[in-house]
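Labels run A, B, C, D, E and F following the written order; every chain starts at residue 1.
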Amino acid sequence: MATDVRLKDELSSITDQLVETYTECSRLNHLAHEPLPSRDAVADIVGDLFEVLYPGYGKRQNLHIGNIGYYVGSLVDALHDKLATQIARALRHELCDESPHADCVKMAEPKAVELLRRLADVRKTLEIDVEAAFRGDPAARSHHEIIFCYPGLEAITVYRVAHELHRLAVPFIPRMMTELAHAKTGIDIHPGATIGPGFFIDHGTGVVIGETCEIGRGVKLYQGVTLGALSFTKDDEGSLLHGSYKRHPTLRDGVVVYANATILGGQTVIGERTVVGSNVWLTESVPPDTTVVLEKPKLRLKGAKSTNDPLMYVI
Amino acid sequence: MATDVRLKDELSSITDQLVETYTECSRLNHLAHEPLPSRDAVADIVGDLFEVLYPGYGKRQNLHIGNIGYYVGSLVDALHDKLATQIARALRHELCDESPHADCVKMAEPKAVELLRRLADVRKTLEIDVEAAFRGDPAARSHHEIIFCYPGLEAITVYRVAHELHRLAVPFIPRMMTELAHAKTGIDIHPGATIGPGFFIDHGTGVVIGETCEIGRGVKLYQGVTLGALSFTKDDEGSLLHGSYKRHPTLRDGVVVYANATILGGQTVIGERTVVGSNVWLTESVPPDTTVVLEKPKLRLKGAKSTNDPLMYVI
Amino acid sequence: MATDVRLKDELSSITDQLVETYTECSRLNHLAHEPLPSRDAVADIVGDLFEVLYPGYGKRQNLHIGNIGYYVGSLVDALHDKLATQIARALRHELCDESPHADCVKMAEPKAVELLRRLADVRKTLEIDVEAAFRGDPAARSHHEIIFCYPGLEAITVYRVAHELHRLAVPFIPRMMTELAHAKTGIDIHPGATIGPGFFIDHGTGVVIGETCEIGRGVKLYQGVTLGALSFTKDDEGSLLHGSYKRHPTLRDGVVVYANATILGGQTVIGERTVVGSNVWLTESVPPDTTVVLEKPKLRLKGAKSTNDPLMYVI
Amino acid sequence: MATDVRLKDELSSITDQLVETYTECSRLNHLAHEPLPSRDAVADIVGDLFEVLYPGYGKRQNLHIGNIGYYVGSLVDALHDKLATQIARALRHELCDESPHADCVKMAEPKAVELLRRLADVRKTLEIDVEAAFRGDPAARSHHEIIFCYPGLEAITVYRVAHELHRLAVPFIPRMMTELAHAKTGIDIHPGATIGPGFFIDHGTGVVIGETCEIGRGVKLYQGVTLGALSFTKDDEGSLLHGSYKRHPTLRDGVVVYANATILGGQTVIGERTVVGSNVWLTESVPPDTTVVLEKPKLRLKGAKSTNDPLMYVI
Amino acid sequence: MATDVRLKDELSSITDQLVETYTECSRLNHLAHEPLPSRDAVADIVGDLFEVLYPGYGKRQNLHIGNIGYYVGSLVDALHDKLATQIARALRHELCDESPHADCVKMAEPKAVELLRRLADVRKTLEIDVEAAFRGDPAARSHHEIIFCYPGLEAITVYRVAHELHRLAVPFIPRMMTELAHAKTGIDIHPGATIGPGFFIDHGTGVVIGETCEIGRGVKLYQGVTLGALSFTKDDEGSLLHGSYKRHPTLRDGVVVYANATILGGQTVIGERTVVGSNVWLTESVPPDTTVVLEKPKLRLKGAKSTNDPLMYVI
Amino acid sequence: MATDVRLKDELSSITDQLVETYTECSRLNHLAHEPLPSRDAVADIVGDLFEVLYPGYGKRQNLHIGNIGYYVGSLVDALHDKLATQIARALRHELCDESPHADCVKMAEPKAVELLRRLADVRKTLEIDVEAAFRGDPAARSHHEIIFCYPGLEAITVYRVAHELHRLAVPFIPRMMTELAHAKTGIDIHPGATIGPGFFIDHGTGVVIGETCEIGRGVKLYQGVTLGALSFTKDDEGSLLHGSYKRHPTLRDGVVVYANATILGGQTVIGERTVVGSNVWLTESVPPDTTVVLEKPKLRLKGAKSTNDPLMYVI
């Protein structure tokens, strides 16, 4: 390729202009000797966690009860090191201004160990989730299919682990994890939400579950459901208040929310076993054992006799 | 990094607790000597299929009519082996309880060959799909752009192959394939659905097409459309009936469904050439050549004169 | 695996049938000696652009103001070559019929250099976008978290670069870039749209922004928002008119659109600072400083006293 | 690149001619449905064996006595499966003519397990080898340096494992392993040779140790040493006899052989503690406790006074 | 890691000094817009050639006579493109001074096609080489083992292909190929040498075969054999004459050369069926049917009675 | 594959036995929380150094004087971090017993910077080496070919860098680097040797250059040359003295040593411009301007008239 040399000569001044923006627009840079948590490392950790939580479904095959201890023990040990490293990076970054001399490595390790300690309980919860999915979807042929193919379970699994890290006050990494799941499944669960066992999301694309949601046991959601905020609190200067004050709804045990329904507001409580129909838009509480559906909307039906092309009559 | 040795010492007991859950919560494990189908292998098969179906658009460049036979022949041969291996694994897993001595390898190969045999017809259908996309989207500049950039076509392509495997009674793998496409495109088409040629999905994120949908020729869907179930059948003990009884709608030839519309129910039939408007929520049949739109919703418009901040008036 | 030889013998005729379809259904092939742009190469270019736009957040760590010039200069130089190669391929493909002898390499290089020249300005715009995200989301703890974890910013960043390529009349590649972002984030922004600084998309899955949208400064969208076309123009023979005539709405400065709202039509203009509520469906213009919400829908609430199973009452 | 189409047209006939040679020169093909052992798989096995034999020196870091059991147990389990698969392939290939129905999988597994069982003993021998290297090389600063950097130890390690497989009558794989080491170190040890503990090869490039060598304890070799055959036995028709009859020398305990010495013949025995000097060429036995050196060769020294260029006087 | 900032500040001036050397010592740079042949691409080409020459032994398994044509045809087609690209780069580089406007792409393609055309003959020669190896080594158990494990055959195969490229006057690439084989096998065959069929090198490490060697049919070499130059021709100014004048020996049909023998000089001819013994150093011709051995060297044997440590008596 | 479960059950006890050897044969383990230098990281560093020393010959193409500064500056910066990390690991390991609290990170960085500072001088020396290779080999067609294809230059380049690290008292890493080159080229140069500019090794397989060699300017070696030790010094207890006392020969300026010659001993000095012939074995000093050749060896030539098979007369 015969490159035009005069054009290439401009690349130097282009670089200089870009470098200037690294001082001007410094919020888009992270120019410092302390590395941030690594996206690839966090993805690798999530991969290892799936091997521990669902052994035999992932990369390592031919596992059996006689050898599983070795494999899991080896993974747990590796996870300890990887988690401790990334958590220390995240803490250092969070604390660099207020506590520049904090020993982040020392702070990170107990958090890593505690996460690993909680995995057995996470597995017990996930087993209830899988059972709920099987009971909730007539298309599911077996538990295997759910673990293998259901994006809802994948997103819930990542959330359950990320939520434990969130509870351990680990910065950045919980959200990095749930965004990995969001990118893959289209399901966006904030790691700060509280969700009981037996949770099932079918199809799932477009589901959003906000930071301060509280979800009981045995809840089922379909695709496109938003559990969001109704309005935001501002401080005296009119800026949004950042923090975890309650602004997303509460769903009690056994609630079912059908596709594309929207439930908003921190004071909104959906009572036990209540069913919210597809496309419903709710900003107020609903008592238990209730079914909320859209009043059958008035549809305008236009005959198309005068033409073969209904597209002409479009809305 | 100076690791705290006492903390690391706990990893053994953590491992032991996890191993205990492999007996307790055994549904989350696959501990057996017969390997499951491999996700990576299935993704590789899908990649090879795209090379066969759209030669010149993928990895191998410089193809021409003189050499294409070699390339495709080589791919077909490799696909035969890869498909036979993964199908055998899927069958063995499906049959392990009822027919532990079935010769799954022998059962798998004819299914693999039959899938390959059907690819020429799949290509003929896909050509109609591409033409429909070109005719249906004013933003499309060429057929090339559609094959190269349109996620709708990607999801439909994967569905068309997976559906053939579904018809061949191959377990697991069809759903693994459509979930690969779901993860990438946000379009969730169950491999069991029946879809005629000339099918076009624009944008596509959030589309869900259920297992027992029947879709005619020349149908067009936009993002967020759900073709779902209205209710589920239960057995005498109140458990969901698992299986393929008709519970999702039928769309006849030439139907168009705009963004975020929801059509539910196994008895719901949308007649030929009918148009369903954006956001419409339908649980009943509609005759042919009809246009269904939301009655113009009553909107509340609040003036914002008293303030510069409309956010104060939020819903 | 004991393969059935007779079955394998069929692979030859299967290949022959497939090769026949390469003549019959020739629109699905690209059989020519001029290679198309490469998806992997475009993804690699996007990766390099993120390193230039957000240094320190990606692969290369330990950057500081003393060394950043080298790193960025090296990337800019490599980007020049990669962009020029891929743009030349795209031009050659676009022009092969009408101008078979065009010197596409010579045409490509100035476009590549011009894109690089504009990156400093893109960065200045992105800084305003990040600030808007921080001000607009109470869950955001820091600017770092937004750059690291927010899919909305990722989609906007890719759009901003792709839009510059679109303005430079580069074919294919802008759409390939935005579809990469669409696949990862579920946010589908056409590279032809015009979007002012301070743009924020929260959660984002399902957002669609059409080719001829015009979006002012400081606009905020939530997940599932569609800014789409209302109807398409046809030519005298009834075929869709392909091209960039205005068919998507205009949103003026400071507009906010909540989750799953739909705004359609090239003549639809949403006035300054107006707020469009969740699930609203709009095909007409709205004046400035207005709040548009769904009239509180009539919900049917069915008591569930007669049974423990609300599912019986489903919609 | 504007390809000359007429030239490309020839590729078909070139392919046809090549395919003809697959029938004519069939010894260069392996056209069969039973796959051969895989070179990559064997290399992977060797990599895993080094992790087991020298834990902490390879890929996995941060090992300690508390977690080593998990890591090694997991490797042992994976090695079992990998070895059994490759050994079965090798056996099937070896036996395909004489015992086409042999159950090679069943024959392979005990061999795989037995190899693993012997690894603990192999490690004990290797520790003596490392100690011998440290004592034998003044340039060695530590045991660590030997394990990390000495190609001699690498070749001996691979030999020790390959020799056990050879003793277990596994075809192909032992030689594949030693050739991997040969390619990397330039040291060619036939897996059939018998070598006592405390063996040290310094530098090593060019060392050849034949199939029927017998080497005692504490032997040391330098680069370029050949322990070879003197002549070959032929059968009645004048063809070489293939097999393991003794045709390479015996070196008793404590023998040292300096660089580039050559010792040939199955009847040649080098006695205990004997030293063979650099470049010596030996085809007869030597008693114990002897030093064999080249008689100081008569060198011709030509003065170079008449010229500045000694090259003129070259040999 | 707390980096010392003052130290890092020096990196700029270090870079400046290095950049200065790119002008001063410009022979170590290749700073130009025309890329050199790529080492990785050449290695990839060699890999593909092995797949064509020894199908079934390499990466692709399960080949059979029914599908081999597809696989090989696909490889041949890909090889055409890869070879043409790399040969064009090599020619451009060679000719850039004398013929800056040569159409290297046009010159490269016929050379690429011609190489492919000769591969069938190369295979026929290689089959004779394999047969010679089997007849020549009692340790060889089968032809398979030779193709799979013998570095000699690997080096000869690469040489045979590289030699054809050398005959086609392709610069650089033939030597790059033989150096790949040299690095892996320790066998250094110049691509300019002429070597008849039935050539066998056993063990091979350290073998050197110079550019102008002529080697007949059925020749066998062992490790460490040098076929080298005796002296070099200089021009009038005392500089070495660069070029291909005959300066390495000729070995006629059936010659055998044992380990570490050295044969030097362009006038040296080793007659038919002559055997050159191990370590022999030859600079003169030898008649046919002769055996040349070292006169049994006088060895000094020192008794070791006075000490237990023979090392004291070392040479 | 039907695995024999009883056999697999043994894997646990096999693991236990292996773990026992990690206590018994503890010298083969590195069980500690401080990681060793990583082989992969060192190989990566060597790769980066080649990009800096020979820009345009390696991975990055299209370099020119306008952009080379960016590329090299970016590499230098990355090399700083990589070198500092690995050197710190090596120091920590070296010092862990005697100075457990040494701040190895602080000690490592100045060494890393100093190495980078010396690279400009290394390049100046390498340019003289390349020129010497071109003058010394009639087969070399250009400087490019030498940089691209000559393993001798590759080994010398690695040595020159490793030697600087050796001078900076960096443990382990220099030897790891030269062993990487040894594995690839068969040339084993100890990083402690001292070698003047204009050094050329032709072919090179089997060359060994010991730790305390001193080599002047303009020296040329051929394949198989050993510059070794004659005997080793022992301490009072009969153990080898480990360290760098002079035990390898000195070669003054302009010395040439032909293939497979062996020169031994710390007191042996080869005078200026002296030529040592092929296969010569030297343990004593030689004056300047001398040519040392083997006295023409007496060869025994046996006629082969009585037989057609010269092999019968073999040595």
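Things to note:
In this text, contacts are C-beta pairs under 8 Å (C-beta built on N, C-alpha and C of every residue); 3 or more make two chains touch, one makes a residue touch a chain.
Quantities reported herein were computed from a predicted structural model and do not represent experimental measurements.
Relative to the C-alpha centre of subunit A, the farthest chain centre belongs to E. Subunit A maps onto subunit E through a rotation of 180 degrees [Cα fit, steps of 5, range 0 to 180]. Under half of the residue numbers at the interface between copies subunit D and subunit E are found on both sides, making the touching surfaces mostly different.
Separating the CA-averaged centres of subunit A and subunit D is a span of 53 Å. Averaging Cα coordinates per chain places subunit A and subunit B 22 Å apart. Those residues of subunit A in touch with two or more other chains are numbered 1-3, 8, 11-12, 15, 33, 62, 64, 67, 69-70, 72-73, 76-77, 81, 186, 205-206, 224, 232, 260, 264, 278-279, 294, 309, 311, 314-315. Of all the residues in subunit E, the ones that touch subunit D in their complex are 52-59, 61-65, 68-69, 72-73, 76-77, 80-81, 84-85, 88, 105-106, 109-110, 113, 116-117, 119-120, 123-124, 126-127, 130-131, 135-141, 143-145, 147-151, 184-186, 203, 205-206, 222-224, 230-232, 238, 259-260, 264, 278-279, 283, 294, 297-305, 308, 310-311, 313-315.
On the subunit A side of its complex with subunit D, the touching residues are 60, 62, 67, 69-74, 76-78, 81. Of all residues in subunit F, those touching subunit A in their complex are 3, 8-9, 11-12, 15, 62, 64, 66-67, 70. Those residues of subunit B that touch subunit A in the complex are listed here as 1-4, 7-8, 10-12, 14-25, 27-33, 35-36, 38-40, 93, 171-172, 175-176, 179, 182-183, 186, 188, 190, 192, 205-206, 208, 210-211, 224, 226, 228-229, 232-233, 239-243, 245, 247, 256, 258, 260, 262, 264, 273-275, 277-282, 286, 288-295, 309, 311, 314-315.
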